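When the chains are written out, they are named A, B, C, D and E in that same order, and each has its own residue count from 1.
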Amino acid sequence: MMGGVAYPMLTVVTFFPLIGVLVLLFIDKESKNLIRWVAFITTVIEFILSMPLYFRFHLGTYHYQFVERIPWIKILGASYHLGVDGISLFLVLLTTFLTMLSILASWSIEKHVKEYMISFLLLETTMIGVFCALDMLLFYLFWEAMLVPMYLLIGVWGGPRRVYAAIKFFLYTMAGSVLMLVSIIFLYYHHYKVTGELSFSLIKLLATPVPAVVAPWLFLAFALAFAIKVPMFPFHTWLPDAHVEAPTAGSVILAGVLLKMGTYGFIRFCMPFFPHASLRFTGLFLVLAVISIIYGALVALVQDDMKKLVAYTSVSHLGLVMLGMFALTLQSVTGGLLQMVNHGISTGALFLLVGMAYDRRHTRLIKDYGGIARVMPIYSAFFLIATLSSIGLPGLNGFVGEFLALVGTFKSHPVFGALGATTSVLSACYMLWLVKRVFYHEITVTENLSLKDLGFREVVICLMFSIPMFWIGIYPKPVLKRMEPSVAHFIAQVKGEAAMAIEHSPQAKEKMSLAAYLVEERKVEVRP
Amino acid sequence: MSVQMLSVSIRPLLPVIVLLVTGMMVLFMDAFGAEGRESHYGYLGLAGLAIAGWLAFKMWGTHSLSFAHTLITDKLSIITSLIYFLIAGLTILFSPGYLRQEERNLAEYYALILFAVVGLVFMTSAQHLVLFFVGLEVLSISLYALAGFVRQRDLCNEAALKYLFLGGFASAILLMGMAFIYSVTGSLYFQDVARYVIHSHPSVALLLGIVLVLVGFFFKVSAAPFHAWAPDVYGGAPAPVAGFMATAAKVAVFGVMLRFLGMAVYPLKVHWIAVVTVVSVASMVIGNFAALRQDNIKRLLAYSSIAHAGYALVGVAAASRQGGAAVLFYMLAYSLMNLGAFGVVSLVGRKGERYVKISDYAGLAAKHPVLAAAMAICFFSLAGVPGTAGFMGKFYVFASGVRAGQIPLVVIAVLNSAVAAYYYLRVVYMMYMEEPKEEYVFTIHPAAVIALVIIVIGIFQLGLIPGGVLSASYSSFAWFMS
Amino acid sequence: MKLWVLGAVFIPLLGAAVNGIFLWITKKKAHLIAVPALFASCICSLVVLSKVLGGAHADFDLYLWIPVGKFVVPVGFLIDELSAVMLATVSFVAAWIHLYSIGYMEHETPRGYAKYFCWLNLFTFFMLLLVSANNFLLMFVGWEGVGLCSYLLIGYWYEKASAANAGMKAFVTTRLGDLGFMIGLFAIYKYYGSLMFANVFSHASILSSSLITVITLLLFVGAVGKSAQFPLYVWLPDAMEGPTPVSSLIHAATMVTAGVYMVARCHALYNLAPFSAEIVASIGAFTALFAATIALVNNDLKRVLAYSTISQLGYMFIGVGVGVYAAGIFHLFTHAFFKGLMFLTAGSVMHVLHGELNMQKMGGLIKKMPITGWTFVVGALAISGIPPFSGFWSKDEILAGAFFHGHPVVWIVGTFTAFLTAFYMFRLIFLTFFGKPRDAHLYEMAHESPPVMTIPLIVLAIGSALAGFFALGPHGGIVGFLNKTLGETVAHGKEAAGVGHLLLIISVAMGVLGIALAYSMYIRRVPDPVVMARTLRPIYTLLYNKYYVDEVYFAFIINPLVGGSRYVLWKFMDVAIIDGVVNGIGRLCRLVGSGVRQFQTGYIPDYVWMILVGAVVIYWIGILF
Amino acid sequence: MIGWYIFFLFLALLILLSAVGVVVMRHPVYSALSLLFNLCVTAVMYLALMGAPFIAMIQVIVYAGAIVVFFLFVLMLMNLKRGEYEDKMGPWRIVLGIGAFLIFLLQVIALSGKWKGWVHPGSRGVGIGEISRLLFTRYVLPFELVSLLIFVAAVGAVALAKKRL
Amino acid sequence: MGIGVFPYIVLSVLVFLLGALGLMIRRNAIVMFLCLELMLNGVNIMFVALSRRMCSAEGQVIVLFVMAVAAAEAAIGMAVITAFYRVRGGVDVDRAQLMKW
């Protein structure tokens, strides 16, 4: 494998936040500032630690890099197996980046600061774990474990309906992913039956094609888990609730990283595992993606609550990512992947900015604002930049991803590409309308007259967000170059294996119903 | 089968003898010792358990059949013994504070727990149904007494009464089943039954016997539809005892169930898998759904334990060595988290267990963060969040189910576990997301803290690095037919 | 060459960046950065133009922008005759308008002032990028970038509701067009495998003409939005809410002509898609007439100019639609001067009248502000096609092209529109600058603008007056020069010089006629316009309300969309149905839970029953399996 | 042969009737007495028909003699005040008396060693020696465990019932 | 051969079921306990019958154990019932309905 680094970089990156947790445990909970600084410094170091991943990443190979592998549960064949490739690299970086800024944005939290920071650091570890894990069991562990800190973040530090939102978030996600667990187990044993080796290794499991008769079902089980996380229409309703109720930083992470896990799941697991089934369901997912795009945008258009609006835009944007992925061209997938990063940055920034307004006015209703560009010029400027990034204005990051995804989609599915492109108009509608109602016009609400503009800390946050927006918008090549080999490999995997699966699947099994297959399976087992 | 000569080796009984002696010592010291040292009996009991555990552990890897082949010492019996010792130890750690506050800190309590453990050990070491039955009765009778131990409390009495009648009824059914099996096979040795079953066609009477025995088992593990006693008894019994009942008996009965099904009547698996499957589904559904509307945390835990029995039965329905290992592992995990939960309940409940509503936990995290964290960890583990023992247990059980082709059952199980997350989360939500309504004035006995620490460590250990325990439980089922 | 091009394009960006980042420092001194930047850029552009005149071409990449597999898009520049002319035009006009802005914006707040110059610089950068890009995507960057700056500048006075609305309307409407443009780009990439102009145009003919038709139509949709053609023109009149120099630069001289440039740039494709070309010409002709009729009755100084712009843009599209691309670009070039000029003069009037725009309140202003007035007259003469002013030359090229390329109807419409143009322009002049002052108070306020504003007026007036003479240069003048890039269109002059002259005379006559009619109506009051409005009330009302297009859009598109989204999609579909199902499942579970609980009676005999029944049931299950 | 059947049916009828009695008797004491009767008749059956004299004896001594009497004792303890059963006992007194006499008779016969002729010839039966041999070989462990069982029951009962708190 | 084992089994099951019936229809705790004993008695009949059938003492040994168990249960049972009686003032199990649902 590539990247023979001397020290376990990924382990360090994944678990470093836990050191911060340990330190926090021994700090008196009343010294809030110390707690904040410790947490912040932890995430800064974490971010710095994750930078070498970018710089030492080998270009031109799709193999996993910085791989670490030690046996974990020998009897199950599970191993502690980490690695990143072009697909996950930027998601890891995005995570460390966003977490750092989220902590910085959480300075205004006054309630249970210690617990808050601990939850956040735990969340960071689990999120990075999800993106780095190359062992299915390890992946699932991080995947579900992540729910707990997020549940607490929403439920403890959230808004008025936080409990409903938190429980809905938890249950919805969990309900989706349990079926995936069954599928993972099935794959695991299928691999065992074929090769005689117990292993959860992603690479090994990928090498064992699944019988055509069960593949669609397994695919759907995986897809359900990920589609809920994405969230795709019609599984999206947890998202507005969760976003609206979550604390600002929670929303940032939720939108910035958690949603990506869904799309990441599709590209890393769902589609490569079941290429044949993926192709079979392409139509369905393209339709759902387009519905998500348009529907999310239209619903976002008419929201009264800023956060809810931004939440629905996530539905729309992630729909675009899904569209790109299922279109299965190099450009569309790369674009989708880049769009994941972009969405994390721009929507993260938007949530943060909405949160800053909320900190000042304690309302997120659009009608309570209006004309604040006059009193908060810096804020407005940054909001505008984030808006433009979000609506895909050329020169900013959103455009590159959006255009690539759409141009690639158009290449293979012109109609969907064209329908997906409506996002450019719709996003302009909802975002600019929002900007107009919040920032423009005269100030009608007197409280707004005395709003303070951003402080130093907030400006720093916004600047940090702006840098990647411009960078990816103007010079995305380093990013794209790192993604490309992995994406190409992904496409080859899906398309190539799908072709093989069609060739090699025996007709008899093809026609067998699932029930019959299961009975057959059990018979094999029953034989004494 | 001809009558075997008595094998004289008493070695396999050493741990049990230690326990018996400890139990007797407790009673004698109580009879002749000074007043007011009741808690010390608990520590004496702990010492006994530790010694017994050490002795049992030393036997790891040995395999022997003794006492005319009625007693088996194998990995399963040792590992389950160790689990009982652990459970009993944790229960004892939770007890002194609780009993003192209930003014029932009697030596008999500790003695009864130790004797119950003796019964448990014999249950899983039995190769003969009669030995099992007598062991079961030792356990049951201890539990009847323990359930009603705080005799001045209404609920305690009621719990004891219900447990007594229903337990007695189940015992009678179990006996009837044994009688039927005996009528067909002519022996109550597992091996003899197995020998008979392999070579003969199943008769209606034999199936009836098996089913009745299974009913007895199901009753003890509180699987639906034989679960009805559980909520009432767990709800009424003193919280530490409820924890003990909910865990120890289940571990033992699952162990025996696996021995019985996996060894004695394995060839009839088509029949018993169907039975186990149905019961498993019923348990999961009834347990989880009924728990959704519970306000009383003890009853909630009871319903949850019904559901957990259902999950574990998935592993039984897998009818494989791996399934057995999974069930064993699951039971260990389940024991830890349930003991932790009941332990916290015993602390928060205060005198007379007046605070056992879920709403009584509002804001606990703000007042007792460590206690709340322990409770939350137990509950997340019960909900099956990865990284905890509960997840690993569920995972392994479901894995065995999938491997055995029981996919519909596993799907039902995972969906149920998603439903279950709701009520677990509700408690966590109460602790963390509600404002405290009261002051939470209660003292936490240091022993209870130790127990909670052990439990939390155990939960994470089993959840993150379960390899050793998994291997051990896998190797415990080497005898499993397949 | 490379450096000059980069200089021309990026110096404004630099200016924008400096003003943008150091907004707090530059404040009222922002113009000290912005204006020199623009003049530097202008000089660079002129150098580039001169080199191109000498026969030099350039097509170079700065760096690879988006390389994904075969999709490789650089940041690269293409300098040929077309882009050189565009570069020069844009930077030249922009430079003077920047200068003018110093005076016009003097009363703004320091922050606003710096912001204004930042955006204006940024706009120029994007516009230059648009015209000098060597691939579709980079052109699209400029295309969208100018849209953004247009949005920002229209909404410059964002506290005014109308300005805020107008900005958004402009952006969204043009984005609607851009959607088509974008899909066009997708199609180009899909079928040509590249977005580089060089690759696409050199292989233009590899596709079937139907496919090319589709692509070109999609591209044209973008042009319709950006260049405010029917039916997406509605944003442009509203865009007048912005500061007048902005209207001048963006909404008259440069940005709105981007669509024309784009069509001209894609002439290789349009040549292969006659149907698309036909559509382009038809839309252009229709828009020209349609907008002109609205301009006839409008009383708002800037809006008349805005409708005039739309109308003139229609002319340009006639030009590029009928195949005389060079003529279209030539008209773009002259239009940049005279329409830029007219807006600036209008701005000058507004400036001294403190924002008053109603022509009916003005009159006789020429006495108070002679430079402004007379330069406006120059512009009006140019637009009316009176020789030798610039508009005459370019409009004539277009109309002749239309006639000779077999579009007589277009020619008739164009010529009639020329009459209307002359009429409404001089109506404007007579109402504003001549006659008696109708509002004494306003008249009292009026005075000539400061030199920083009048100098650009004079410069542009000279341009408007004389730019047409470029047509007389050697080798076909500017048209011939442009044709080096735009391909050899059939030279109509050779075919029928006589007919050509006749057309010329008709067109000039139309202009003169329009002026005369305006003079008679608004100076002599025969026939009295008020009486006419009364007699032709239905028509007047229709025109006065701009054919009710905005109202129709609101009633049939925007309101249904918003209402449908709110009540059908959100409240019904999302909250009631989807979330209802989700919550319903939860509620169902709880209901089942309540049901299951009922078994738990607490009564021991009942439990015994349950056990017994359970035993029987599982026994039968055991037997049956 | 048929005689044995009749005898069996007779005893079975008695057993069932007394069992029904246990279930349906209004008064708990009657139920207890029914159970006592039931157990005794069962003992008779063991003795006469099933060749299990030892069990029969234990049945009577332990079960009937100790356990049921224990029940009665508890019953009395709790229900003495009601005094209901005194009135309603009339017709049953004779039956019970006859029953008691019969049992006594059977016991005498059994103990006198003259019972062999009464026993169903099909059952050779197993001797007490066999029972004890089994008890101390195969069943030695359960047997020992039973001692613990009884002890536990005692400890438990004491814990639940003893005066000291 | 005499009476086969079958009638005894029928008898034993009937007794057993009657005991169960008693548990289901009676409310008095002590009577219910009697019914429990009745059930055990039913089991005993079966074991003894089997012992005879198989010419083995095993069944009878088991019966001994059952009796021991019954005795132990009786002891603890009476203790529980007494405790219950003390607190509730009665032994009817419908008093034991504090906990339900």
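In the analysis below, a contact is a pair of C-beta atoms (placed from the backbone, for glycine too) under 8 Å apart; a residue touches a chain by one contact, two chains touch by 3 or more.
Remember, predicted model here, so these are calculated numbers, not experimental data.
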**Prompt:** If you check the contacts of subunit A and subunit D, which chains show up for both?
**Reply:** B
**Item:** Reaching subunit E from subunit C through chains that touch each other, fewest steps
**Value:** 1
**Message:** Quick check for you: compute each chain's CA centroid and the global CA centroid, then name the chain with the smallest gap between them.
**Reply:** A
**Asked** Hey, which chain ends up farthest from subunit A, C-alpha centres compared?
**Response** D
**Message:** Of the chain pairs D-E and B-E, which one is connected by the greater count of C-beta contacts?
**Reply:** D-E
**Message:** Measuring between Cα centroids, which chain is at the maximum distance from subunit C?
**Reply:** D
**Prompt:** In angstrom, rounded to a whole number, how far apart do the mean CA points of subunit C and subunit D lie?
**Reply:** 108
**Message:** How many angstrom lie between the centres of subunit B and subunit D, each centre taken as the mean Cα position?
**Reply:** 35
**Prompt:** How many angstrom between the C-alpha centroids of subunit B and subunit A?
**Reply:** 41
**Asked** How many angstrom lie between the CA centroids of subunit B and subunit C, rounded to a whole number?
**Response** 78
**Sites on subunit D at which at least two other chains make contact** = 133-134, 138-139, 142, 146, 149, 152-153, 156-158, 160
**Residues of subunit B touching at least two other chains** = 130, 133-134, 137, 141, 144-145, 148, 151-152, 160-162, 165, 169, 231-232, 270, 293, 422
**Request:** Could you list the positions in subunit E whose residues touch two or more of the other chains?
**Result:** 19-20, 23, 25-26, 32-33, 56, 58, 65, 69, 72-73, 76, 79-81, 83, 93, 96-101
**Fill in**
Every chain pair meeting the touch definition is listed as A-B, A-C, B-C, B-D, B-E, C-E, D-E
**Residue ranges of subunit E touching subunit D (in the complex, touch as defined)** = 1-3, 7-8, 11, 14-15, 18-19, 21-22, 25-26, 28, 30-31, 33-35, 37-38, 41, 44-45, 48-49, 51-52, 55-58, 60-61, 63-65, 67-76, 78-83, 85, 91
**Asked** In their complex, what parts of subunit B are in touch with subunit C?
**Response** 161-162, 165-166, 169-170, 173, 204, 207-208, 210-212, 214-215, 219, 224-226, 228-229, 231-232, 270-275, 278-279, 285-286, 289-293, 419, 422
**Fill in**
Interface with subunit C, subunit E side, in the complex: residues 20, 23-27, 32, 93-94, 96-101
**Prompt:** Touching subunit B in the complex: which residues of subunit A?
**Reply:** 72-76, 112, 115, 137, 140-145, 147-148, 151-152, 155-156, 162-163, 166-167, 170-171, 174-175, 178-179, 181-182, 185-186, 188-189, 192, 518, 521-522, 524-526, 528
**Prompt:** subunit E touches which residues of subunit D in the complex?
**Reply:** 1, 4-5, 8, 12, 15-16, 19-20, 22-23, 25, 28, 31-32, 35, 38-39, 42, 45-46, 49-52, 54-55, 58-59, 62-63, 66-68, 70-71, 74-75, 77-78, 120-127, 130-131, 133-135, 138-139, 142-143, 146, 149-150, 152-154, 156-158, 160-161
